[in-house]
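First the structure, which I've put down as C-alpha cells, then a few questions once you've had a look.
Going by the order they are written in, the chains are A, B, C and D; count residues from 1 in each one.
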C-alpha cells in the first residue's frame, strides 16, 4: 500500500499529545510538514518525531501536490478558513473540534466538503472510544428499551483554562465551557442516540467566575498560567434543555462554579435500563429482571481512541467510507450549540 | 389567651405524622373534629389523640361556629373545593401541598382568600425549616453574591408511591413526581431566592417505569402496596428549564429511573459562593477567599418544621401577619408546575 | 385450616428475636407454652406475646397431646436429648443450629426422626434467605459453569461471645467459632452447591485469644458480659480444607484474631462466573462476555428468613414435604464439622 | 579487592530488570558474558550494558576459568541442568526461582552443591526485602507471641502470563500460579517463621479459566500477547493447607478467577499480635494493650531487594557465609509445592 503524506497545521497540545503520535504509529502514513506560526513549536515537533519539515506558512502545504491528508490543530477561529482552503487545494481534512466558532462557519465548511467531495472529518474523538461504542451498541440493540431522556453534567469547581488567553477570548474560541467541553459531551449523546435531529433548544450561559480575573481563586490551571491583561468574555456556566426527534437532553456545564464537586457524567435513561457514563472512564448499567434490580460494571480493553481516529481517517481516504465523524453528522451539535448561545441571548427557546 | 378550636379534614399519613401532633403540642389549640370519609381513620385519630370527635361529613365543621381553624389533609383533588367552602364558611385554612391539581384551581382558591380575607396558607413546610431559613438569610444578605442559577435534582431509582392508587391517578393527584416531590423542591428554590416571578418554562414529563405496572421492579413502596387493577397515568420523570426575574432554574426529577443513585439536592450557584442543600439534611457552602477554596458545613439545632408551621398558622390567625406560606406566594410555583405540564403537552416553551 | 399448637423450649435471644415473632405472625399457629429453666424468661415471653403459659419443665409439653410443633432454642448440649424426647412423644421439631455438639449426637437425632417419621428440621435459616436462594438458583442453572472451589471467610478481630459463659464452654456448646459461626457459612455452601457428599477433611482449630481471659481486649461483647470465673476451652480460630463430590472448600474462621479487618464472605468460583456473597448482605456476580469483564450487583426485596423458616416448618407438618433444612441434609455439615475437630486432634486429614 | 567476573545465562525480563542492573551497580563485579539462545537478546543486553560479550552457547562459560559467578535466568525447565553443570565446572551459582520444576530436580541440584561446596543460591529475592526482614525480626523477637497460623492469598481476577507460551506449558514451567507466584509467597512465610519443617500437605490445583484459550477474556497480559496455538496445561487456581513444625499455613492462589478483586497478602496470626503484609507493599501490625486495640503501619526506607540479593551473593562467594537463600533452605518450599501438586493428583493429604 502506498504511504499517505500528511501535514500537521498547529503544533500545540492536541497535535503533540494525540495526532502526531498516532500518525507515527500508523505504518501507512508519513508526516511531511509540521506547521505553526510560532516556528519553535514546529521545530520541536520535527525534533521529537525524527521526521518532516518545520514550516510557518500553511500555504506551502496547499501547494505541495504530495500532501494527501491534513490535520488541523489550530485555535478555533481559523478552523473554518484553513479547512476550506485545504479542501479547495485537494487535501483531505481532519479538523479538531469544535468544527468552528459558529454554526454559520460550520455550514460553509460543510458546503466546501460537498463541493469537493474530499474528506472533512471533525475531531469528535469519543466516537472512536471503546466504551462509548459499547454504549451505542447497547442502545441500538434495544437493551435500554426506549431512550427517553439524557442528562449531561460537565461541571467542575475550578477548571477555566488559560485565563485571559485564547480559550477565554470569544473572537478566537467562539465560546467557553459549552463549546470547549460541551461539544464532547453533546457529541457522545448524539452519537449514542443515533444523531437525532434537534427540534427546540432553550439555554442560558453565564460568564461569572472568571470575569473578575485578578480575584479568580483556583488550585491549578490547564492551558495556563493566567494572563491578567488578556480577555475573558466567554461562558463559564451553561444550562440548557433540548428536544430532539429522539430523547430530550438537559445539561449543566461549568468550567467553574461555587459547588465543590466535579461531576462529569452522562445519564442515558431508558425504560428498560439506564447507563451512567463517567466521562473518559467506566460506565455502569442499571436494569431490572424478575423483580431484582441489577447494577453492572463492564471492564474491557480500551484501544487509544486517538489512534483509532487517525487510523480510520487514513483508511477512509482510501475507501471512501463515510465515518461517524463526518461534517454531515457533526453539524448537528454545531447547530445545537449555536441554538443554546442564541437562546441565551434572546432569553427564550429556539425552534428549528 | 383563648383556645383556638381546630378541625382536621382527612386523617391519613400527613395528618397523623405532622398536623395532629403539632396541634396537640400547642397550648393554644384544641382539636374538636377529626373528619375522614373512612370513619375508622377518624375513630383511630380520636383514640390516639385522646380528644375530639370523629366525623365523616366535613359540612359539620362548616356549620360549627366554634371552629376557627381547619387543616386540610385530603387527597389533592378536593383541596380546592374544601378550602373554598371552609373560607366561605368563615374558617381559616391550612391546606396541604400542593395547593391544587392545577393552576386554575389554585387561582380560584386565591380568589376566595382575597374575597374572605381569612387565612389561606399552603403546607409548604420547608419554609419553616431551620436550614432552609439559614440559606435564605445567606442569599438575602448577599453572601452568595449574585445568585444566577439553581439546579434541582429529586431523582430516585425506585420510589413510586402506592402504584395504582391515589398518588398515581391524575384525576386525583393532578400529576406525579413533579407535583408531589417537585412542589417541595421548587418551593425551597422560590423561597430562598425571594419568590421571583417566572418568565419562561420549558419542560417535558414522562410516564415510563410505572406504566407496565405488573413488571415494575422495586424493593419497597411507600404509600403501598401496589393495586394492579388501579390507574397509572402520571409522570415518573420530569425535566425542565425555567427563567425567572432572578436565577434560571433547571430540574430533573424521578420517582423512578434506571439510574441506581438517589440524588436529592438543590445547588444554589452564586458568583461569590454556592450552596448544595441535601434535601431534608445538611447543606454545604462553597466559597473562596484569598486564593483558598473553602468548603463549610454548618451544624445547627433544628426545630421540628411541622411544629413551626402549625404554631405560625395559629399565631397569624390572631396577628393577621402574612406568612411566607400564604397562597399569594405559593401561587407562583403552582404557575410554574402548570407551565411545565403545559410545555410538555405542547412540546415547546411557555412564556408568561 | 385448624390451628397448630406450638411450644417454645428455651426463651433466650434466638427464641425472642426470631421464633416467637414468626409464630405470632403466622395465622395458623398458636403458642401454648413458653418453657425455660429460668422462669423469669418464660414469664417475660408470655407478657411480651400476650398469649401462652410460662413453664419450667418441658415434660409438660411432652405430655400435652394438643402440642403438635416444638421449637427448641436451648443451649447446644440439650438439643439432641430434648429433640429425641419430643419426637418420641409425637411432636414435630424445629431445633436450632447446630443440630448437636457432635456428629454422634446428630446421628442419634436422625435415627429418632427415621423411626418416628415426624418432622425434624434444623435452624439452618439461611436456606430460607432470598439472596442465598438466588445464588443457589444461579448455580443450579449453570450460570457459574462448573463450580470448582468455594472459599469461606468468617473472620472477626474481636467477637468472642459471652467469654466464660455457655458459648465458650465446650461441654455445653460443643465448640467455638467453627460450630457457632462456621455451621451457618458451611451450610450456605452445602445448600448452594447441592449438598455434595464430603470426601476428605483436613483442619486445625486454635484456642488462643480468649484463653487468657483477664487480658482479652475487646470493644464490645455479644452474649456478654464476660464471666472471668467461667470456662474458655473452645476454638477461636479454625482453618480447614474439604474435598467433596462437588467443589473443594477451604475456610478460615475467627471469633477473634490479631488482624484488624472483619471479612465475612463466601466466594463461589465457577469457570464461567463467580459470586462473592457478603454474609447477611448483598452479593456480586463476576463474569465475562465477548472480552468484557462484568461485575453485577443485584438488589432485591428480601423476606424475613426466620418468618420463611417458621412458615415452611408449619406447612411441612401438614403437607409432609421434606424441607432443605431436614436433618437428613443438615447431617452432612455436622459430619464435616466433626471431621475438622477430629482432624485437628489427630493432626492429619480424615477421609470419609 | 579483585573484581568478580560474572556470566548471565538467559537474557529475558528478569535478567534485564534485576540481575544485570545490580551487577553493573556493584563495584566488585564485571559481566563478561551475556548468553541467550536467542542471539538478539544477548546482543541487546551487551548494547544496553556497554560491556561484555554476547554468546549463544553457555558451554563457553563453563570452559572459561575467569568466570567465578553465574546468574541463571532461563525458563524453569533448564534451571537444574545448567545449575549443576555450572557447579561441576567450578562456578558459583545464583539461580532464579523456582529452584526447579520438581522437588526431584531440586534435590539433584542440592546434591551437586553439597558435592562441590560452591555457592548455590536461589532467587528468593524477598529474603532481601526490607519490609519482609522487619517482619521476620518481629516474629523472631516474639512480638507476635506464638505464631499459630499464616494465611496466604495471591489471587487476581485476570493475570495469566503469556497465554500459550512458556509460562503456561507444564513441561517448561513445571506449573502455573502455584510455582510462579506461590513460590514467592510461600518463601516469605517460610523465611519469616524460621523455615519450619513441613509435616503434611493437602492441596488441590485447577486449570480452568485459561483452558479455553480463545474465550479467555482479559484486560491486559503480562509476558503476552497470547499464542492461541500454544499450550495451556498448568494450574490457574490452587488451594492448600500445610501443617509444619511451626504454624499451619493455608493458601488460595489465582492467576485468574471469576472474583473481581485482587487480594495479594499474607496474614501472620500470633496470639499477641498479627501482621497483614500486602505483597510488595506496606504491612500493618495489629495488637492490643491495656484493653485498647492497636493498628500500626510502619513506614521505612527500602533498599532495592535485587541489589541486596546480588551484593550478598557476590559477598558470600568471598566470605563463605551461608545465605538465607541457600538451596538447603529453599528446598523446603520446593518440597511443599511438590506436595501440593502430588496431593492434588492423589486427592488426599501427603505426610512427610
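Simple rule for what comes next: a residue touches a chain if its C-beta (ideal position, glycine included) is under 8 Å from a C-beta of that chain, and two chains touch if they have at least 3 such contacts.
On a predicted model such as this, the values are computed, not experimentally measured, just so you know.
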| item | value |
| --- | --- |
| Fitting subunit A to subunit D on CA atoms, where both chains share a sequence, rotation angle to nearest 5 degrees | 135 |
| CA centroid of subunit A to CA centroid of subunit D, Å | 49 |
| Distance from subunit D to subunit C - Cα centre to Cα centre, in angstrom | 43 |
| Whole-Å gap between the CA centroids of subunit A and subunit C | 59 |
| Separation of subunit B from subunit D, taking each centre as the mean of its C-alpha atoms, in whole Å | 68 |
| In subunit A, residues with contacts to at least two other chains | 291-293, 295, 299-301 |
| Contact graph of the chains (line, ring, star, complete, other) | other |
| Touching pairs - complete list by chain label | A-B, A-C, A-D, B-C, C-D |
| In the complex, subunit A residues that touch subunit C | 134, 291-301 |
| Subunit A-touching residues of subunit D, taken from the complex the two chains share | 218-220, 260 |
| Subunit A residues touching subunit D - in the complex, by the definition given at the top | 299-301 |
| List of subunit D residues in touch with subunit C within their complex | 144, 146, 148-149, 151, 157-158, 199-200, 202-204, 206, 208-209, 211, 217, 219, 237, 239-241, 243, 248, 250, 252, 257-261, 267, 269-274, 276, 284, 286-293, 295, 347-349, 351 |
